[in-house]
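Going in written order, the chains are labelled A, B and C, and every chain counts its residues from 1.
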Amino acid sequence: MNDLKNSVAEMLRNKTINLFIGYGKGTGTRTRALFLTNPEEADKLIFDENCSQNLAVYLLKDEVKSAGKIGFLATNFALRAMMQQASEFQFKDGEIIALHITSEHRLIEFKDFKSIEMHLEQAETGIPAAERADVERIRAMSKQERWDFWMNEFSRCFKCYACRAACPLCYCHRCTTDCNQPQWIPVASHDLGNLNWHLMRAMHLSGRCVNCGDCARACPMDIPLNLLTYCLVDDIQKDFDFVAGMKSNALYALSTFKPDDKEDFIL
Amino acid sequence: MESQNLYLPYLMRIEKITNEAPFVKTFRLKFVNEEESTAFNFRTGQFGEYSVFGEGESTFCIASAPTRLGYIECTFRQAGRVTTSLANCDEGDVIGFRGPYGNIFPIDEWKGKNLLFIAGGIALPPMRSVIWNCLDLRENYKDVTILYGARSVADLVYKNELEEWKNRPDVKLVTTVDPGGETPGWKGEIGFVPTILDKMVPSAENTIAIVCGPPVMIKFTFPVLAKMGFPDDMIYTTLENRMKCGIGKCGRCNVGKVYVCKDGPVFTLAELKKLPAEY
Amino acid sequence: MDSLNGTGKIIMAPVRKGKLVELEPVNSSGEIAFDAMLTTQSAKKTTFPRWEKVMEYEQLQKGINPKEVDLDTLPELILFGIRPCDASGFRSLTAIFNWDSADQLYLKKLEKTTIVSFACHTADEYCFCTSVEGGPGNTANSDIQFTRVNDDNFLVEILTEKGQALAASFSGLLSDPAQLPDKMQFLADVPIVFDLKTVTGKATANFEHPTWLQQSYRCIGCGACAYVCPTCACFDIQDEHLIRKGVRLRLWDSCGFSLFTLHTSGHNPREVQSHRWRQRIMHKFSYMPERLNITGCEGCGRCSRACPVDMNIKEHLITIAEL
């Protein structure tokens, strides 16, 4: 912990970064994102098993980008999100310093994409076991059962878009649901509006989702949205042999053609 | 229809469409229901929510004058979804109208004063209502001066009415286009509205100034008026903001504690200066 | 419950649904989650639903045939077991929907609703009702209030004519003891953490203060806080069109969304999240008190519990009070 605090304080002091995003104590047992500009504030940083929010979501916010050189504390999922954002040209190599605390409590500092890529090759970033079981359970349902399951879950949705806001890969300034010429997705939170929204969002994340699960954690109505994207993640891995967020220059699976692609699903 | 539902619009038939300028049209609207037409009244400065059923609602002022009843007019530029649908409407089509909403130009308070109207581009429509209202009650006011400018000759709206105003002996009309916007036959001024205003050196004595225009024009016009000695409470303008309900309930159009749909859209410069920088 | 069922009205009460507690129609007391501190969403969804029709229409050859929504045959509801903060929250909604013009879509539903609130015997660290002139035993806007004395006994306060009318249906269960128990000793302890007038004054006087950015840096701009709030009433109007017919809808909206104030021209008066956060606080604690004489917050803490990034409104208000 002290390594983290000292490291951050040092970086802020000698202006290696202008802003550091980390975790701090929240309400009760919660943690919250901290935005530090002052070396003295580094003392407030914490890191424990409650620190799960994917802080990569803040990397593309205007208020953060305008701060200049940024550093942040990244979980493995956040590192993957950062790599996916990088392969989508959202920032250049070396613009962001990522700090990471391993499961052995060792602090690593990543100054460039290559070091992150090498780390992720050995990191545990698959779908967590409990959620894997849920995904398989849904997969085993009949089509009608699956439809009923999801329509029941979606019935609680009231279109707060917390899922979109919390997702580090949902960074479009004008989301597809906000387009009104034409109105691709009905705005209202009725059955059709909710179904359309969640399916569209999942589709726009296929080949991009990094399994962090923040969408489900953010949802105030407790809808297991991560299970939707996990299904797609599986499908993309199977059909395209592609896992998002492992490389900083990956080509998007759904829009890249290679001559040695498996074509049997087109035929 | 006698309805308790605040959001139910009047049905209006488009009687006449005038193409004012590229992407700018004027609709003359008549109430489908005769009784509603007779019962309807409004005051100058007010606005309404005009809708194409199935597309949505859009906020424009009522561009016709309340001295001319039996119809209302609106002028709009095609910019988004609703205005594009409106632009695709034909004469005879039925659209919706909710209103009149908002506050008014206090033309009763202006009796006996000189009036100086300054407008730019697509902002002439809200002014047109108050200009015609005052001209229809011409004896109430002293000198009436209108300064109107647009980016180019093609962008000038209400071209017929500009002619009418120009030919009236009791109105002084100055029209201008931005440098580069003139046509070979253009006989008006050439220059930005604030520049021309400065050249005109209007007297602030017993004069009300009413200014409507794009933000950049307004920004440079106010200092000119201040230089001429116009006090802030004798300068009127209108604010625009994103609106939905138009009646102070949806919580969207406020600038600080002031709701543009209820305390506006007409404001004096004195009132404007008290508002936070949130518009 | 049997007596209430006998009235023929629909009873909405807190019901456990997985991790959530929601107001749902119930038929028996066994379904009710009496032990739940608070429902996840507020009770406003009964009078101001997350989407509702404003009108319907049919497209004719050359014209439109509009159809009104039926505001006369609305179902009668009993809200049973909601908390004092929920009941009081309707006052803000009524103030907004009655301001200058009467919004019948909301008022007609409220007319048909009888509010039977249950005083709070527990509270948590998010609650601050006592700091906004409310409290665990606040009876504002309730028609009847129950306070649990023990497993078999409740103190029942019948507060309005509507309450009396409903109480007539279970008058047999009521008795008038010689000495009424002291309500206060059965209520949760909710310490006051700020002075409301100070918060209102400081917020009003500090429009340009850097605190708004400091407090809202982590806000991600979703609508969770506005949607679970009992007093938030901001809405959107959207049309939906099928072939030759359609509807105009009113939907929940939130001042926290970046598009909320965006003009078609691209100009946005509240371009950054800190301005939108400031609007939320100012609206509730400065503009509503000044214009409608009511604070737009009940201290229920739902916004903070629902917030994905732990924006804690109680904390922020204390910060404002100390500016």
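Rule of thumb we're sticking to: a contact is a pair of C-beta atoms (placed from the backbone, for glycine too) under 8 Å apart; a residue touches a chain by one contact, two chains touch by 3 or more.
All of these numbers come straight from a predicted model, not from anything done at the bench.
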Just say which it is for the chain contacts: an open line, a closed ring, a star, complete, or other. complete
More Cb-Cb contact pairs, comparing A-C against B-C, go to B-C
Most remote chain, CA-based centroid, reference being chain B: A
Averaging the CA atoms per chain, pick out the one whose centre lands closest to the mean of every protein CA shown. C
Using mean CA coordinates as chain centres, what's the gap between chain A and chain B in Å? 48
Taking each chain's mean CA coordinate, chain A and chain C are separated, in whole Å, by 32
Suppose each chain is reduced to the average of its Cα coordinates; what separation in Å results between chain B and chain C? 39
Residue numbers in chain B touching two or more further chains are 56, 80
Send over the residues of chain C in touch with two or more other chains. 236, 238, 240
Residue positions on chain A within touch of chain C in the complex are 26-28, 30-35, 53, 57-58, 61-63, 156, 158-162, 164-166, 173, 178, 186-190, 193, 214, 217-222
Going by the contact rule set out above, which residues of chain C touch chain A in the complex? 17-20, 40-41, 50-51, 125-126, 213, 217-218, 220-224, 226-228, 236, 238, 240, 249, 251-252, 254, 257-259, 272-274, 304, 306, 308-310, 312, 315
In their complex, what parts of chain A are in touch with chain B? 180-181, 183
Contacts from chain C onto chain B in the complex sit at residues 54-55, 57, 59, 62-64, 66, 68-69, 71, 96-97, 99-105, 108, 207-208, 233-241, 246, 248, 250, 253, 255, 260-265, 267, 269-270, 275, 279, 282-283, 286-287, 290-291
Chain A-facing residues of chain B, complex: 56, 80-81, 84
